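Next, two complexes with subunit A in common: one pairs it with subunit B, the other with subunit C.
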Partner chain A sequence: MNFEEILNLFIQDTADTSVGLIRPELILCGTILSLLFVRLFSIDRWITPSWVALVGAFVAFGFAANDFMVLKEAGGDTVQEIFTGLLIFDRFTAFFRIFLLLFLVLVVTLTILSGLPDLEDGPDFYTLLFGSTIGMMVMASSNHLLILFLGVEMTSVPSYVMVGFLKGKRVSSEASFKYVVYGAGASGVMLYGISLLAGLLGTGNMSLIAERLQMISSSGEPIVSGTAISVMILMVMVGLAFKLSVFPFHFWCPDAFEGASAEVAGFLSVASKAGAFALLVRFALAFSAGDAGALQPTFLYIGLGVGVIAAITATYGNLAAYMQTNVKRLLAYSTIAHAGYMLMGVASVIVLMNAPGEDTAAATANATQALEGLLYYLAVYLFMNLGAFAVVAFIRNSIFSEEIEDYAGLISVTPILCVCMLICMFSLIGMPPFGGFVGKFMIFASLFEAGNIHWVMWLILVAGGLNTVFSLFYYLKVLKVMFLDPRPAGAPDVDVRWGSLPGFYTMLVTAPVVVLGVLVQGLSSTAQNVASVLFP
Partner chain B sequence: MYDLVGHFLLFGIIIIGALIVPLLIGRLVRPKLPTPQKDSIYECGEPTIGTSYVQFDLRYYVVALVFIVFDVEVIFFFPWAMIYGGAMHLADSRITEATRTELSAKMLNTPVAELASENVIGAESAYWLGLTGLMDVLVFFSVLLVGFAYVWKRGDIDWVRTVMKERTQPTPHQDLIPPTKTPEKQTVS
Partner chain C sequence: MGLESYLLVGAVLFVSGVVCMATKRNGIGLLMGVELVLNGANVNFVAFSRFTSLGLDGQIVSLFVIVLAAAEAAVALSIALNFYNNHLTIDVDRGDELKG
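Now for the complex of A and B:
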């Protein structure tokens, strides 16, 4: 193939295929630009930036939903590598795009209702929010180690600024600073791991990693030991663990959430976790897809290690949440605990994929089930966590406090917010009629299945079960204060009633938590359909 | 290994010695006649004023930040300019075959001798390469310009920002910010 053919192929691939498949991202970029133009030409006197942002997010969501529907209609396992293999477009990508853009629409609506950025700061805030979301969408569709890094950074850098967005608030600046310092450290370690891995394999393309690793390990004299390879993989995972706020890298999370406004904390707790989980799954399957050969025990132990870290994360998050007096801090620790539960799902995917024996069909089927559980959990988690943070934001707007003790007796003034908080928290605990239960059940079922391969997974399952019990108490502590304690005399009123827009919004976000707990089939079959595309 | 460590040790000892010996000689030899003028801190001949731990103007940071953003972006222009220049030269159909081979080899990063004849870049594809590159950079640069205009409009690069206008407007989330005493602005002459 000579230079001219390569050039023509490249131009054709970019212009005809690739650009058309990243329409949602391009629309978000366009929205960012129009936000800046709105400010530049003083159009914001007629249209507030938040409405421009809402329209942009909604249009992007429409295109993403359309892409997903087209893929689903077409059937089969369409996997398209776009931009010369840097990104990948399949049902998994399309699913996460819908997920992230739906969430973006909901967050923008929440900021409009709670009035977070004023007219002056509107374009700045939404530019950061949209930039971060584009980063997450890049993470979900990444097919190259370089894009993995780029996606993580594109997500992180705007988040640092968003955490410190409440200018003039000391806690906020401190939180932002802590977040930056931890983020820089984690990115450094991840970049080191990426450079080692790419240097060893001679490629950064994730679809080639498994093949190359097997080539290295199966040659008579292995160039590097399994330990060295697992160290490289774990170093890459450090960067992702930071985004997921997994146990040894979680320190930023409570501080950042306490300093940031509730809307931003809600955004970070759901969206950046979803992006990081998508990337983690892609990366985990990149090295363990197919027949791992001589490296199979190494990968099995990596899976077990991830599982043990997940169990520690969940336990730590739940135990640390007891002592909290600030609702956002409590929810931050709850987020850490939930990252632990979801990481258990990833661990069982890795373990199930690397089961000893020849039965690849059974291993693939089991791993698909585990991934289905993870996707279901993420979908429910979107609604229940956003619901909880929205309630915190609306209550803050009225009583100017986020301390648990100031929530005393709120049931008498704002029943709607209290009932929604109750539903979200029961779902976070994993109580049966709500969506959280179904997600947790699916993850625990996959852990049980993985226990057949290695008994450590059963111990992790026990840890997960015990954690569910631990978590009961601190969620109930908040609910007890809200529902049973008397409202102190002279406490400020919360003006959120049934018919008001914030009340309606909270109900809208909470409703899916109930629906997904009862009508499991629809989302579950979609999730399975999405998960199956990763296991050819 | 021991050789290396020994050298470092020797080097370290010599450094410390070379520091201590002149100080010691100076201490023994110099006359000691202190005056208040001599004991005062020397600062470019100016009398010193106050401590150096002052809050200096935040505007420095803003300007530095904006500078870094636009300065780093320029880095992306260098590799583009290299390719664009080469491509546009190749797009000229009047150049000799020898020049074309040489330029193609430079562009594809291979020695001239190893360049296969079918890999010599023709005028038309070089033109397309240059055009694609130009479009890419135009998009990139226009996005940058929008950012620049935005920063300008916001007044972030005005050295004297109209602080009075902001004071009159209510700050956002005033209710969330605990009332703190703003420190008096200190200036350094």
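Now for the complex of A and C:
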């Protein structure tokens, strides 16, 4: 095969299959360009940049939803490696694209309603927002260690800037400075881990990792020990743990959220976590797929370690949230705690897939269920967290404060926002009949299954249960201030009523929290369908 | 010169970078540490591409990393400048208004 033939094959592969499957990403790129052109040619006098952004996000969402429907109707386990195996396109990718683009549409709407970027800054802000979202979509479809790194960086670099978007504010510049310093360090360590891993395996392709590891571990004299391999995996996980704000890489999270505006904090808390979880699941399964042979105990212990870290993260987040006086900071610690709960789901997937014994069919079924729980939790988490941050943003626009004490007696001036906050927080606690309960229940059920394989998982389950009780108090503290305390005389009014657009938006975002708590079947069967594609 | 010597250079760069990040209090110093870590990884990639079956993949990755490091440094420096405008220092320990 000469060079020309290779080139032709490559062009054919790219043009015929690959490009068609990344339409949502291409549309986002196109939107970024048109945003910049809108300003270049001064069209923004007639068209507001935020509407260009909203239309772009909506069209991309439409294409992503269409892709998902086509895949679902086709049935079977369609898995396509695109761009010579750098990206992978399957139901999991399509699900996360829908998830992220739906979230993008909601965030753009929120910024339009709350007026975060003004006309001057609009194109800059939406360029960063869209760039970051493309990075998350790349993370969710990554099939190569290079793309793993690129996705994480594409997500991080714009989010550093978004955190510091309020340029003149002292706390905002401090928050983004801390974020960029920690973030750059974590991604450097991750890249070093990737370099060792890729060198050891002789490939960066994640679908070949399991096979190569099998070769290494089964050759009579293994060239590296299980410990060395776990150190490499842990180094890669440092970068992901940073994105997930998992203990002990969570320091940036409360600072960044307090310094950033509520809209940006809401975006980071949901979207970058969703992308990182998708990537973590893909990375973890790349190792666990097939029979790991002699390395199986190592992977089992990595799974247990992830579980223990998850339990510590949840406990730390919930305990630290008590002392907070700023709502955004409190929600940041609550985000950390929720990352812990979701990481427990990932831990049970790893443990279940590396169970000793022959019964792989049962292990796969259990792991599918654990992943289903994780996806369900993420979907509910999108709405409940965005709802809470939207309420914070709207209240900030009226009272110019994000301190809990300034929320006293808000029920008397804006019942709609208070009721939505109540629903979101009850769901964050995990109370029935809200969606948070169902997601948490599914994850805890998978922990129970994983406990049959190793008893440590049962301890993690107990820690998760205790944490749910801990978290009750600080959420209720905020709600008590909002609902029971009297409104001080002369306190500013909050002008958000039932019929107004912000009120309607908050109701729209909160409604799914209730719906997903009552009508479980629809999303849960979709999530199971999506999860099963990763376990052939 | 075998693979080990190159990996050793990479490891020295990585450790120097991590130590730099852990001890420097100056914002620019921290970013220099990050660059050392990224270049340590780059040396590894290129060495692996010469000596193992990683092949051209390693060189391509290192090219991507060089570009990314430049982009990240540009963003980080502009954020550092913004921090300086608000605080008149780039000492990271002076950023202590957010805590708890």
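Keep in mind that, in the parts below, the second predicted complex is superposed on the first by the 534 of 536 C-alpha atoms of A that agree within 3 Å, B and C clash if a C-alpha of one lies under 4 Å from a C-alpha of the other, contacts with A are read in each partner's own complex, and residues count from 1 in each chain.
Keep in mind that, in the parts below, contacts are C-beta pairs under 8 Å (C-beta built on N, C-alpha and C of every residue); 3 or more make two chains touch, one makes a residue touch a chain.
Being a predicted model, the structure only gives us computed values, none of them experimental.
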Should A:G188 be classified as contacting the first partner (subunit B), the second (subunit C), both, or neither?
second
Output check: A:V180 vs subunit B and subunit C. Expected answer is one of first, second, both, neither. What do you get?
second
Using the touch definition from the top, say if A:E449 reaches subunit B (first), subunit C (second), both or neither.
neither
Per the contact definition in the header, classify A:G168: touching subunit B only (first), subunit C only (second), both, or neither.
both
So, does A:E372 touch the first partner subunit B, the second partner subunit C, both, or neither?
neither
Touching partner for A:D406 - first (subunit B), second (subunit C), both, neither
neither
Does subunit A have more residues touched by subunit B or by subunit C?
C
Show me the subunit A residues, by the header's touch rule, that subunit B contacts in one structure and subunit C contacts in the other.
167-170
Give the list of subunit C residues in touch with subunit A in this complex.
10, 14, 17-18, 21, 27, 30-31, 33-34, 37-38, 40-42, 44-45, 47-48, 52-54, 57-58, 60-61, 64-65, 68, 71-72, 75-76, 78-80, 82-83, 85-87, 92, 95, 97-100
Sites on subunit A touched by subunit B in the complex:
2-4, 7-8, 11, 33, 36-37, 39-40, 117-118, 120-121, 123, 166-170, 261, 396, 400
So in the complex, which bits of subunit B are touching subunit A?
104, 108, 116, 118-119, 121-122, 125, 128-129, 132, 143, 146-147, 149-150, 153-154, 169, 171-173, 175-178, 180
For the subunit A and subunit C complex, residues of the former touching the latter
145-146, 149-150, 153, 157, 160-161, 164, 167-171, 173-178, 180-181, 184-185, 187-189, 191-192, 194-196, 198-199, 202-204, 254-255, 258-259, 323-325, 329
